[in-house]
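Presented sequentially are two complexes of chain A, the first with chain B as partner and the second with chain C.
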Partner chain A sequence: MGYPHPLHERETPLLSRYFGDPEARSLDGWKSRGGYKGLEQALGMAQADITNVVKDSGLRGRGGAGFPTGLKWSFMKPGDGKPHYLCCNADESEPGTFKDREVMRWTPHALVEGCAIAAYAIGAETTYIYIRGEFTEPLLWMNRAVEEAYADGILGANAMGTGKRIDMHVHKGAGAYICGEETALMESLEGRRGNPRIKPPFPAVSGVFGMPTTINNVETLAAVPQILLQGADWYKKMSLSNPKSTGTKLYSVCGNVKKPGTYEVVMGFPFKDFLYDLCGGPLDGRKFKAVIPGGASVPIQTMAEAEATLMDYEGFVAQGTMLGSGGVIVIDDAQSMVRVIARIARFFAHESCAQCTQCREGTAWTTKILERIRDGHGTMEDLDTLIEIGENMTGTTICVLSDSCAVPVISGIKKFRSEFESLIQGRRVHPVLEAVA
Partner chain B sequence: MKQVPAAGYPVPEVASHNSSGQLYVPVFTGTSREELDTLLGRYPTKMAALLPALWIVQRERGWVSDDAMAEVADVLELTPAYVKGVVTFYTMYHQHPVGKYFIQVCTTSPCGICGADDVVRAFLQHTRSSDLGVTSADGRYTVIEVECLGACGFPTPVMINEEFIESVTPGKVPDLLARLP
Partner chain C sequence: MAERKMVNLTIEGRPVSVPEGTSILEAAKVAGILIPHYCYHPGLPIAGVCRMCLVEVEKAPKLAPSCATTVAEGQVVRVHT
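Here is the complex of A and B:
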């Protein structure tokens, strides 16, 4: 539901049904709402069968990349004699995104259950839920849920009395956006600086502690229990447009919009209705100007593009952007796009792990130039320089943080060039140059 | 003298002098050491307990000093330089003492377009802080800007120590500060 707003009739609340319901947080409350039936069922199934159900459901990664979840699980070979690990990526830090936070603080047991099912399916005895350090409330509730599940015998050496071992630990991050990158998260979990690793090897071959590892996003894992209970076909049918995008998606909506919050709709929902109907449209007296639909890393959309979008993996691509994490940032006509984009660049400059030259230097120079333009000291050549730097930052580094910084800058300059130009044309002489003259 | 207890790692003497001659009381004794022992059981390597161990240090001491890093290194069989390398990577470990109340205001773009800069100004003004990151003269407050706190639908989110507060506006700042003990 559109937490903190009441459920909208056009929403489909699978994961968000109990957002705002404090009783759903406890083990008893969760069980009375049908909790842990999915795990019970899973533990009686063959591991490969669970993976096949998830494969058939069409569930894709909800963290940003959209990789098919069942396929990812099938890369793990149970019984290869090595310890396997499951990592749950709860390092939600993409600006505009706060859906995993709601899952963890309102329905922590949904995540514990999803993790337990996934862990069993991939033959992992140990699961680490890596939660960003700033998330004190989700940390509290997840720790409590894991403790409750251990005390009840759901987790541990004899999970639900089946003789199977499922261990689960919450690991607290310490402030680093980059640790949401899967290999950086593993480095961090091992007690290192969060520098992303070169791939291959991919995590399924050599992940955390050098062992086969599957890493999934919170929202992905939380969807698994219901898929098992209701079946792959049921999930697959929740698709209004492209059959490659199935199920529901949580969107966190923020910025200049009347009803910010977390909404859940089926794949293929019209973005225009979503923005104007579910989210209440623009603030009084204002107009929407631009939307960043999938967290700060995806290309900025004009309103014409946004209003023509069907909300699924392919639908966003068709309108020049990406679904990403589902963090919808709405920007209205009272905002300066230059200011918004400069602030996004500053974010990435702050969060670059500084391993790769293109990223370390590129994010810093991009920020300096954008802030120069913002402050009225830019030149027309700066725009070409920004695009050139952006192109050199794309596809040239170990991870995609560098690309993520270039994307809003390049798309922003292309789609809102006049705002940059008017700031440049009205530019003031730089105070230092003035003093020299 | 270092003993090697059942935990399998050397425990420093209760207090010792560091290279500057100052007395250092180790963190990992008593319940904190038991807590670390429990943590060590969760990971296949000792190194993996580094972030959790540093969190314990910060909880007990308020910040992570060079001496504490050396102790953590000793306990986890790492080098102090390695530990420092990790500490400096993450933004949440304080490498200097901070005010009694460490106030982090999110100013990343989504909050930025909803008025976060005004919230920052209100905190600086009402805590009588001269600048971001500079602890107020009475030692009570350190205000910083922080990158995305992940609660963008509730602008402006603010953290005061471990407390996460949603939907802070400049007008709410005096009351928020007034209720701090």
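Here is the complex of A and C:
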């Protein structure tokens, strides 16, 4: 079942199969749809075997970085005498991304099951699900799902009657974008200000409360039960392009398209077909101009680049951008790129944690210049200044928020320079205001 | 107390030998090179946020904060680049 649109024949619904089906939210409904069979199987396996299955499946982190999940799990050393933790990163705040929200709203038990399997595999006694503060509805369903699982004996001191301990807590964040960064999330979970930590030490060495921690995205964990049930080879075969990117990916499409929503396709799906066929193409009388394929923090693509893209980790990189979180933002010819980019920069300036100099100053400065250009008071030198600021903001800070601000600005100016220039040269009135007048 | 293991590295072409666990910034001081810094103070915990003390470490993918990076055997560090 698709949501909010009917399922398209070219979609591969693995995580999104029960989106829009309210019965799948309850424990009984989920069990009758084959739920918790993966966990049952997992609890009968050796911990290292589960990690190996996930490793073989080629599952990679769906939060943006694309780090191999099995490899991440293998960094954990169960039985070294320390407490271990699993964190589920449900602080989905990337502009344009709403895939984790749908997973938690419609299939909360899929996430509970995935978390329980992962917690057992890495030897974590306690799992924290860190949900973004604004996600009130997903929080409701997740709390309910965890309660139901405890009441049914799936979680707790005697998980599914096997004598193994799996504890799970749902934690509500306060709604900061930066708390989606793994180390900031841990700081926030501990009760401090969500400032990213210096790495190394990495979370697998020193994470929540200074103890070994693994942190995974919602979509990653929700895919784990299916992988265990159907096998690594089955998951590995779901790829149209290359063996490095396997399985399915949820994309949340928004912006100027006919059918925005959450779609699930296999890796390596052609981006052109995705935009024109699945998403219904541009609005009547309009044309696509640009696409931001992975949430606001990845480079902007021109349509020529987007149409040549295969949707997987490597495919997006080959066309000058990144898969990111899968938040596709489509921009058509009625929009001003300057406005779009200025708005993105303002977001990052607002969300910067202000620890590192480059980020604190750079994001604010970039926003100031971009809004000046937007309002028709820019100069030609401003464009070079923006690129220079952006270059100094890349790769020099603790976390990647600074890079995330610089990347759309630099790529936007390089690819749509003429729009900036025409606004600067003599056109003192904003194009949209002009159209209204 | 057992003698701490010494680590040899090169900073700005000058060979230095410092105890294990020293930061690059402190090692540079031993070599007589001042890495400019704001937020670092020997008596305070490391914040690593002013990014003034970033240095280039050979074979590292990006610039490293010298106050928060410990020395490694055979490391080659460039400061004034």
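One rule holds for everything that comes next: the second predicted complex is superposed on the first by the 424 of 437 C-alpha atoms of A that agree within 3 Å, B and C clash if a C-alpha of one lies under 4 Å from a C-alpha of the other, contacts with A are read in each partner's own complex, and residues count from 1 in each chain.
The rule is simple: a contact is a pair of C-beta atoms (placed from the backbone, for glycine too) under 8 Å apart; a residue touches a chain by one contact, two chains touch by 3 or more.
For clarity, every value in this text was computed on a predicted model and none was experimentally measured.
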Touching partner for A:Thr136 - first (chain B), second (chain C), both, neither | first
Go through the superposed model and pick first if A:Gln355 touches only chain B, second if only chain C, both, or neither.
-> second
Classify the contacts of A:Thr51 with the two partner chains as first (chain B alone), second (chain C alone), both, or neither.
-> neither
Would you sort A:Thr262 into first (chain B), second (chain C), both or neither based on which partner it touches?
-> first
For A:Ser297, is the partner it touches chain B (first), chain C (second), both, or none of the two (neither)?
-> neither
First (chain B), second (chain C), both or neither touched by A:Ser245 = neither
Regarding the shared-chain residue A:Gly395, is it in contact with chain B (first), chain C (second), both, or neither?
-> second
In the superposed arrangement, does chain B or chain C reach more residues of chain A?
-> B
Between chain B (first) and chain C (second), which does A:Ser404 come into contact with in this model arrangement: first, second, both, or neither?
-> neither
Across the two complexes, find the residues of chain A that touch chain B and also touch chain C.
-> none
Chain A residues touching chain C in their complex are 198, 355-358, 395-398
So in the complex, which bits of chain C are touching chain A?
-> 46-52, 54, 61-63, 65, 68
Complex contacts: residues of chain A adjacent to chain B | 4, 83, 92-98, 101, 132-137, 167, 169, 171-177, 188-194, 209, 252-256, 260-262, 296, 327, 329, 331, 335, 339-340, 343-344, 347, 350-351, 353
Across the complex, what residues on chain B touch chain A?
-> 42-45, 47-52, 54-55, 76, 85-86, 89-93, 104, 107-110, 112-114, 146-155, 159, 162-164
